[in-house]
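Across the two complexes that follow, subunit A remains constant while its partner is subunit B and subsequently subunit C.
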Partner chain A sequence: MHNRVALLMVLAAAVAAMALPFLGFAPNRLLSGRPVPLWAAVQGLGGAAALLPGLVLLATPFLRPTRAGIGLTVAAGGLFTAGLVWLAGAQAAALAQGASAAARTSFASGFWVMAAAGLLTAIDAARRLGLGAIGRMAVGGAVAALVALQLASGHLDALSILKEYANRREIFADAVLRHATLVVAALVPTLLIGIPLGVAAHRVQAVGRAVFPVLNVVQTVPSIALFGLLMAPLAALGAMLPGTGISGVGPLPAVIALTLYSLLPIVRNTAVGLDGVPAPVREAARGMGLTPRQIFLRVDLPLALPVFLSGLRITVVQAVGLAAVAALIGAGGLGAIMFQGLFANALDLVLLGAVPVILLAVAADALLSIGIAAATHSIGVLPGKSAP
Partner chain B sequence: MIEFEQVTKRFGSWTAVDAVSFTVAEGEFRVLIGPSGSGKSTVLRMINRLIPADEGAIRIDGEDIASLKPEELRRRMGYVIQSVGLFPHWTVERNIATVPGLLGWPKARIRDRVTELLELLNLDPRRYRGAYPHQLSGGQQQRVGVARALAAEPRILLMDEPFSALDPITRASLQTELSAIHRRTGTTVVFVTHDMDEALRLGDRIAVMDHGRLIQCATPLDILTRPASPLVRDLVGREEWGLKRLAVETVGDRARRQESVTGEPLAAETPLHRALSEMVARGTERLPVVDGDGRPAGVLHLSDLVRPTSGGVVPGGTA
Partner chain C sequence: MTGAGMAPRDFLTDRLMLGLVVLVALVLGMPSLKPLFATLFPRLDRPLYEAESFVSLTLDHMALVGASSLAAIMLGGGAGIAVTRPWGREFRGLLETVATMGQTFPPVAVLALAVPVMGFGPEPALIALTLYALLPVVENTVAGLDGVPAPVLDSARGLGMGPAEVLFRVELPLAAPVILAGIRTAVIINVGTAAIASTVGAKTLGLPIIVGLNGSNQAYVIQGALIVAALAVVIDAGFDRLAGWLTRWSQR
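Up next is the complex of A and B:
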């Protein structure tokens, strides 16, 4: 036994495979379904083949930690997850035959535990393989591509979440677009205000002392409370300025609240990044006759970039999640679908909203991680961090 | 030529530099020395206007530096600091090319200059041109720092304790190389240190500062033999005074020109303390001396080390 993490994952998957329901089958979306165990879902050669990576995965904790062994673990974990999705799609299609159109086949706890175990094992192994941000993203992208292929081919159409999607095709596309728009609309003012504020906090201590406590307090206000707090003044403002479209509900208070939340990581990381530029480097730059503008652009900016980008990463991931809550004040987005599902007690509708939010956040995180890795690589290792 | 005329600098109520006047001649190696807080670094940083003077005038070649744009002034001077301050995100080549790049030199000329400087500082251009600062040792980093300061062929080189953070062996070899570069290029050097041995070894003239005032400005020999105050005497120290005294004169200064003797000769520019060491090592009281071209230049006697003879030329000691 060479890897405790992998062993734990594999054990969890094995228990889930035997003891937990793989899928749930209900006559309509309001009734709770009867459980479908994994062994009942495996039908024919195709089903057995889809589970083959799972058998390999069972053996991986006992493999010797060679590059080949770890590589095999990555492949087995990823293929196992994609295979589970294929199996769910195939079983849903089989159950749909002879059932009414209102019947629903949903993922159940067993599926989630096994899929999570497969993905986590693959990610953990990819990290142990020494893959950088780009390599890990490629692994995730490959699994995502296998699932996307099944989606595109219609193999998964009988699953409940896709039936919900089929009913809301246009609303869904609008919601994704609206969600992304909310995030971008909040990022623009955040960067326009946050970067100068961060530079100011770096240069003048008093600015930092004034700004950071305020932003820290904003961060601690729960999002729903902040949305609520903004409703009254904006509604009053809208009443004073009719025709401007200002209102206490809708996208405007959502963007304002998202901006307020996003400011702290941007301001803080801009300031911390600039604080981290070694003083002798600036002194030498000044002594050689670089102008203040040249020092900022050629020295401060590239050296502070990795820290700034990790602040941007926190901001974007946080904003993608918070934008879902903004649906409560009528800002729309994927949150609207989630809440619709919650109020209708339709779990698959909640998933239809939640899964894209997660994917958006993961994609933004991965893209910015690559940016951070590239920026860190381009500045080498800062003095003091490495022995000569 | 650098001239300070009644220059004063205050930080709040503290006077860092107090009505200081001095002149550094063209091509001179001037060392500024003094205890911490004596104002020596402030004086240095006023030359390239990193610190503006409150009162008095600073002139370079007769031109008041207050009338120049600070960036243009700084690009005409080399600047080396103790903590080096190489740009960590740039290669060695790009670091060295900083000022030539700011001055708009053509690419080919910059490239040739980088090669020339790396060779001058004993760094193999093929190996180090593309290296990043974090891949270099402390000594190599400061070599690059010196190369970067010399890149645009400045007529003035300002150095603020450049070798203080290095180990003794690296420091000694960089001191030797700096001396050679100074002799070859004729650049005016202003060098701040708190190490009297370094000052005696490198300086044509040494300016001793204390509490913002200039206490004495003299040749190494005069600093040793005619200290102007107890502070200067303390800076020199009583320990090994005799060897320091010998170190500031060369074999050629004391050799008896008309005599000759057999044996492995010493070069005329060898410092006298090395000659003493050589006599002890060889168990002899007389050593043959040769000049720079290898021709016989007389004989050095042990007794000449103790007391200058008429044949020895004492360098001019005007304080």
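Up next is the complex of A and C:
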């Protein structure tokens, strides 16, 4: 026994394979489906080949912890997950033959457990190989690419989530665009207000003492309540100023609320980042004859950048989620698809809204993590954070 | 601090007491504000949400948040302790990966995804809230236990303490402020997510908001929003107070 994490994951996957439904097959999207177990979904040579990484995965807990052994574990875990997706697509296509067009095949709990077990085994093994956060992200990215390839080839088209997508291709594209627009529209005022406020909080303590308690309380108020409380004042304002397009519902209250939530991480991390610039470095720059402006641009900014960027990462990931809630006040976006599904009891529609929200958040997180790593790298190892 | 000899001015600047008074007044007194809402929104037939009492909605809301947070504290705290023991160290990387990755998932999306798996009702809300609350609890339990200085552990062992004694009498008390910060994050997120859980069939303070939004009844929206906002602020202030006590206690 060399890898107890892999053992736990293999056991979870094995139990899920035997006891939980792999897919659900329903005559239409409103009825609940009958379960399709994994063994029934494996058909022909292709199906057996797709499960081959699963057989290798069974052996991974016992592989010696050499580079080759751990490398094989990474590959087996990742390919197992990608293979499960392939299997689901193939089985959905098989079930669609001879069934009505309204028939639906969706992922069931067994699929989710097994897919997560494979992915987590791969990512954990990548950590054992000594890969950093970026390397582990690359492993996740490789699995995502294999799934994207199947998606692009049309292999998954018979699955219910893609049938929902096919039914509302344009609405979906609009929703993604609208969602991203909401996040960016909130980001612009956030940065314009937040960065100067953060610089001020760094330079004058009283500013920080006045601003942070307010922003903290805002962060505490649940999003749905803040959206709701902004509605009435904005509606009243819109009634007083006809023709300005100000309204209590739609994108305006959403962007205002998103901005209010986004300010705290930006202001805080701008101030903390600047606070962290060592005084001797500033003095050395002054000694070299740099003007205050040059010191700010060439010393303070690059040194504070990693901390600022981690604030930006928190802000963007949070805003992607909050923008989904904003659909409740008519702001549109992916949340609109998600809530439409919830209110109409159309669960595939819920997936079509919720899964892209998660993917957007994960993608934003990954991109900004890479940016943070690059910014940290470019200024070298920070003092006090040197490796032992 | 909250003794009997408190001056009225202290009482007014005390965020917790003030918030509590406002919250109780809102929950109990909302029905008597009916005329006010009727004046503010003259076009509404029903200016007050009366399908359920605000008292029962508030209690249901708090029960959902309490149950999910308690489950998350037990499971997350247990997992955090397990991976910082010698026998569980191998699982630490896995747990940290799940905690960091999971926290990038928006809570509302996790809530929505619980429905296809479990159906509508309070159960998917309970499970989704528990799962989401686990992550900050796990993260901070591990960080808090990590932060206990090695010399302190060594001297505790030198005094003849067994592993369980070291954990309960040295490690957990010293890590308590950090763990509490994680619990606070989890509970505050849960108060907000529980409100949205009304869209998946749980009866919470989000219900008047959702009903109001769907039926263009702004009065309902304001009534639900005011109470849920006050509840969140009061709970946050309560954690603030608790954190102050705990820091003083663990530094003794």
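Going forward, the second predicted complex is superposed on the first by the 379 of 388 C-alpha atoms of A that agree within 3 Å, B and C clash if a C-alpha of one lies under 4 Å from a C-alpha of the other, contacts with A are read in each partner's own complex, and residues count from 1 in each chain.
Keep this in mind: a contact is a pair of C-beta atoms (placed from the backbone, for glycine too) under 8 Å apart; a residue touches a chain by one contact, two chains touch by 3 or more.
Because the structure is predicted, anything quoted here is derived from the model rather than measured.
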item: First (subunit B), second (subunit C), both or neither touched by A:R293; value: neither
item: Which partner, subunit B or subunit C, touches more subunit A residues; value: C
item: Which of subunit B and subunit C A:R64 touches, first, second, both or neither; value: neither
item: Which superposed partner A:L229 touches (first subunit B, second subunit C, both, neither); value: second
item: Touching partner for A:V350 - first (subunit B), second (subunit C), both, neither; value: second
item: Subunit B versus subunit C as contact partner of A:R169, first or second or both or neither; value: neither
item: First (subunit B), second (subunit C), both or neither touched by A:S378; value: first
item: Residues of subunit A that touch subunit B when the two form their complex; value: 278, 280-291, 294, 298-299, 302-303, 378-383, 385-386, 388
item: Subunit C residues touching subunit A - in the complex, by the definition given at the top; value: 40, 90-91, 93-94, 97-98, 101, 104-109, 112-113, 115-117, 120, 188, 191-193, 195-196, 199-200, 206, 209-210, 212-214, 218, 221-222, 224-226, 228-229, 232-233, 236
item: Subunit C-facing residues of subunit A, complex; value: 3-5, 8, 106, 109, 112, 120, 123-124, 127-128, 136, 217, 220-229, 231-232, 235, 248, 317, 320-322, 324-325, 328-329, 335, 338-339, 341-343, 345, 347-348, 350-351, 353-355, 357-358, 361-362, 365
item: Of all residues in subunit B, those that touch subunit A in their complex; value: 48, 50, 70-75, 79, 81, 83-89, 98-99, 102, 132-138, 140-141, 145, 148-149, 158
